[in-house]
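Each of the two complexes below includes subunit A, the first together with subunit B, the second together with subunit C.
Take a look at the complex of A and B:
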């Protein structure tokens, strides 16, 4: 008779073991290359938090001395996204750097058009890393596309000697070193690392809010071993990113059957084959969320995802599709929870899908807060002020 | 939805030797040995693929074609299929650790580098983005938010376009007080970017995709490089 150790599925526990991970720890190879003089590693600052990744390795998340690698799409089209990240840093009095010596990662273009090559992509990445190292800060990546691509670039630079040699030569011509950060860190990992401190300073009750989460493909599918997982969140079977932050703010996170699906951004598609992006995001994401959860808001952590999920809903309304979920980034939700102004900090007027019902549900007098923003704009129009400052943005800070 | 024509007739005008040459270029890529480990047709990649739901597109067909080194089929896919890919890497769920998305990235680079007409056609309408990223180091900018550029994004684009200058000044971070770029970028940073394009041959790829765009970009870049003291850097 054969005895099988049958375990009840509900009694099974899953524990990630880094010693039995199916992939090697890239940092070991990175440090080995540094010892051999091939490159220099930018170390994570002392003030950091460790979070677990998919196969159990602990990832260092810097808390301050961060060099903010900005996102084209965020800064260009949804500036409240970046503004919220900076606002959170300022509220905690953290030392951060907002550079002008920064280019786009150029990876949106790369994934869209392939009008580039691995040497150019790697050289652009390393140039930006070097710019951070030169001022003594550690890169914190705002965009999911940049984050995913820089993980790819790091992987390629570690494993391809020829590429490394070419990029080193390019850096020498620019008067820079071949430097690679010890960790490639996404800003949403910083927000997750800060979630308890954010919750301590929460002034807006969000316990009546239901949200759905959309995780960015390039965050958790590309170089998957680097994404943050937590045994308390989804039993570590899905990435904890964004969900962990929202739960810390008391938000009910609703699950839906197309959680794993892409948003439909497509890189090239969102710009020149937009029927695909808007059809996919509406039919596979928004309508499913509406049907199965009917959330007050959907929250994600990437430029392309916010853009696609938000902008696609307008055309769908013309076809009487079941849409109408406002879309925000986790940084905006965290900032809002801490009392940030919906228009002066979150800059919600750049978003498309109506977010006023969501704001009203949180107790905001939408007309009043819009008037507060308009007051600042009027001062700019009249020439009384040249720009709105951080102090102006916090004049009506909820405490 | 256009059906993918997998017959041998579609590209009969292209010689087998040429098709083989292009496939050899794909296999010569340094990433090749990391992206393909053999395919046993489980279809997990197709199940996860957003493009497979809307196009006659299959990451499994691509993985199978390159595994079997079916040169004719690979050429057809390189011409007619690879631009449907969303580059989301959902197919990296492959239990064999293949990456159909990365295979496609390599195929796209070969298609662009070798001036395939289908690559040029796929990138029609994309020229303004190439111009923006190559010349300014920023991929999208506030001044691109115009109703004629994004008509399907609705009426709020009109409101943004009308208020653009003031609304950009009403954003707290100083680096975001811009309209032509996403953020303020130093002149020396742009020059470094141009030097990277120059040293890596990226402008040759642009020339293969859109010669007119290439010429405009070269004028812009060479003028700025000359002002920065790089008279000897040209893109011819």
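Take a look at the complex of A and C:
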């Protein structure tokens, strides 16, 4: 034991002070604009919990009455990601809405410098918000890109009268109102808010698992005051998102030196400079994790991050690089912990990097669970059924 | 009849010097200090040596305290916080809580000398890891280690081989709203760098800076000796992040002279935290209705020619409660506030 006249890091407690925040509370301005008749605010439903944000303000996270703004990339490349979110909602018997009239946020093109203008961007966002408000639900954003973009759009709409006027006009032509949510909420915040309830129903022991976490840039670097922090996690010096969830599941979260770096996706880079994206992902993220932590899995919370970290490893593997870390979303980890089927619900067969050793370490008989999935697929192939149902998914539910 | 007591709030260097001066001029002082001992931040934070003359800080503060203790013209009230004020110059009615008891007394004039707080590096938007890594400390912590003569890595207890100082943590930073230079950190850092090199001759010491701001004679007294005699390395560049790497730390940032990113391994990192108004300063300013500037420091209204008068007649402010100040500034302002407060009482007596 070293006795020094100073405290060590574990004894230092950072207390964020909202009165000293370097930015104003956008919600106050939002409500003021509502009082002035400029817009309508979609209130967070009564059933919500409050989590602390970067500068100490509390953010309301809805538990139910959520309108699920899905992700193009998730649905297209890793569908088990969003299926896991819905599966969790159903397990808790929560009232949620899976809309069929939601559009893409179009922000990937925007961030890739490819298209659009502020009015169009904001109008797309508000049209989706309005669709949620019309059915009486609150938007829950699955995609990190959409989440970051909607936060920027909300910021712009609050501060630019001219933009509000133009968007209002577009909305009028669509027969919709200019509505803005009280909070922009990412699904991973919902998972974090639910972590203790998830842990209470955990059936898979994960205490032998070591994970690394990649926080999505669009989550904690854009409108950074809106991201969730916790004085118990990283001393409130980094976002608590994902890490808080994994720790609640008993997982050991290992730290690595390039945690702050982008996953490699980079929006524009993945489109126009894909080799750079792949190399960055492997060399700055995966290999660093391997060298410093050698985790069983790396967990993140955004479409682009999961796909880039996962799908960049195959080429590196061909070159005998030090890779081979399965990549999953926090929703998949939470669902798996509660007994969700690795293939019917998590749909891990869509993931590129070999995740079988990880599943085996958790005690799964991989061949058996694959056969269970294959049995359902065969029924669809034979025409016995058109698609798999929730009941099919839960037929082999671990309890 | 004007009351000839002058209330001084704060028993740090500024308050002590103002009290000494006022008593010497034959007026009565009530010195209210919220802590249980006097000496202010140099004592409470355990400063080792003063900048730039390297004098033992404890010894210097004891000398200042000795000059007011047992002085029949100075009533010292420890554990005392001011809770209210009414009246005007020559006749302020002061409310206070002293050792848990409510009390009231009169004063003819008031000097606020409530000092500053060290910036909390947890608020820094750059990733300096103060709350994550034992071996990331502040210059306040470093003073304590140096004072103890035991400058070691907190994580291991071993002597460090490579130490980095990072300047302007919480100062000159628009992102967090502190758009001011804290004035003393460059000097203190250079002084500490010299002390580390003297204590551990084998240890390499680096200072990462935006600009080194060496006021007056500090240039010759500490800046050049640090480089020429003690071989301290000054690197112009911004550190953006400090992370754990193996058993040590890795400082990431940009070397702006070489125009390239840098990643440099270190054993210890010392954050040169700047000054912010103390909570006491903000509270007392509100009690007396004194205007604060946008940073929360007390605003003086006389420009360069009057550095202690506030918008409230008969209430003066001196030292680091008015903005970043070094010890010389504080002592000079204390003298000015002593003179102005006596002058205010005398004028009030003439017009009464």
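One rule holds for everything that comes next: the second predicted complex is superposed on the first by the 383 of 399 C-alpha atoms of A that agree within 3 Å, B and C clash if a C-alpha of one lies under 4 Å from a C-alpha of the other, contacts with A are read in each partner's own complex, and residues count from 1 in each chain.
The criterion applied here is as follows: a residue touches a chain if its C-beta (ideal position, glycine included) is under 8 Å from a C-beta of that chain, and two chains touch if they have at least 3 such contacts.
The model shown is predicted, which means the values in this text are computed figures rather than measured ones.
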(request) Could you say whether A:237 touches subunit B, subunit C, both of them, or neither, answering first, second, both or neither? (result) second
(message) By the touch definition at the top of the document, which applies to A:112: first (subunit B), second (subunit C), both, or neither?
(response) first
(request) Using the superposition on chain A described above, determine whether A:255 touches subunit B (first), subunit C (second), both, or neither. (result) second
(request) Using the touch definition from the top, say if A:278 reaches subunit B (first), subunit C (second), both or neither. (result) first
(message) Once chain A of both complexes is superposed, is A:26 in touch with subunit B (first), subunit C (second), both, or neither?
(response) neither
(message) Looking at A:387, would you say it contacts subunit B, subunit C, both, or neither? Reply first, second, both or neither.
(response) first
(request) In the three-chain superposition, say which chain, subunit B or subunit C, touches more residues of subunit A. (result) B
(request) Could you say whether A:9 touches subunit B, subunit C, both of them, or neither, answering first, second, both or neither? (result) second
(message) After overlaying the two complexes on chain A, where does the subunit B footprint on subunit A coincide with the subunit C footprint?
(response) 224, 260
(request) Would you tell me which residues of subunit A are touching subunit C in their complex? (result) 2, 4-10, 12-14, 16-17, 20, 22, 224, 234-238, 255, 257, 259-260
(message) Please output the residues of subunit C touching subunit A within their complex, sorted ascending.
(response) 46, 120, 122-123, 125, 127, 129-134, 136-137, 141, 144-145, 147-148, 150, 152, 154-157, 175-177, 241, 243-245, 250
(message) Residue numbers of subunit A touching subunit B in their complex, please.
(response) 70-77, 79-80, 82-83, 86-87, 98-104, 106, 108-109, 111-120, 123-124, 127, 131, 148, 156, 159-160, 162-163, 169-170, 173-174, 217-218, 221-222, 224, 260-262, 264-269, 271-272, 274, 276, 278-280, 284, 311, 314-315, 344-345, 347, 349-350, 352, 373, 376-377, 380-381, 386-390, 392-393
(message) With touch defined as at the start, can you tell me which subunit B residues reach subunit A in the complex?
(response) 30-31, 34, 48, 50-51, 53-55, 83, 86-90, 92-93, 105, 108-109, 111-113, 119, 122-126, 129-130, 133, 137-142, 144-145, 150, 152-154, 156, 159-160, 163, 166-177, 181-186, 188-190, 192-193, 195-197, 199-202, 205-206, 209
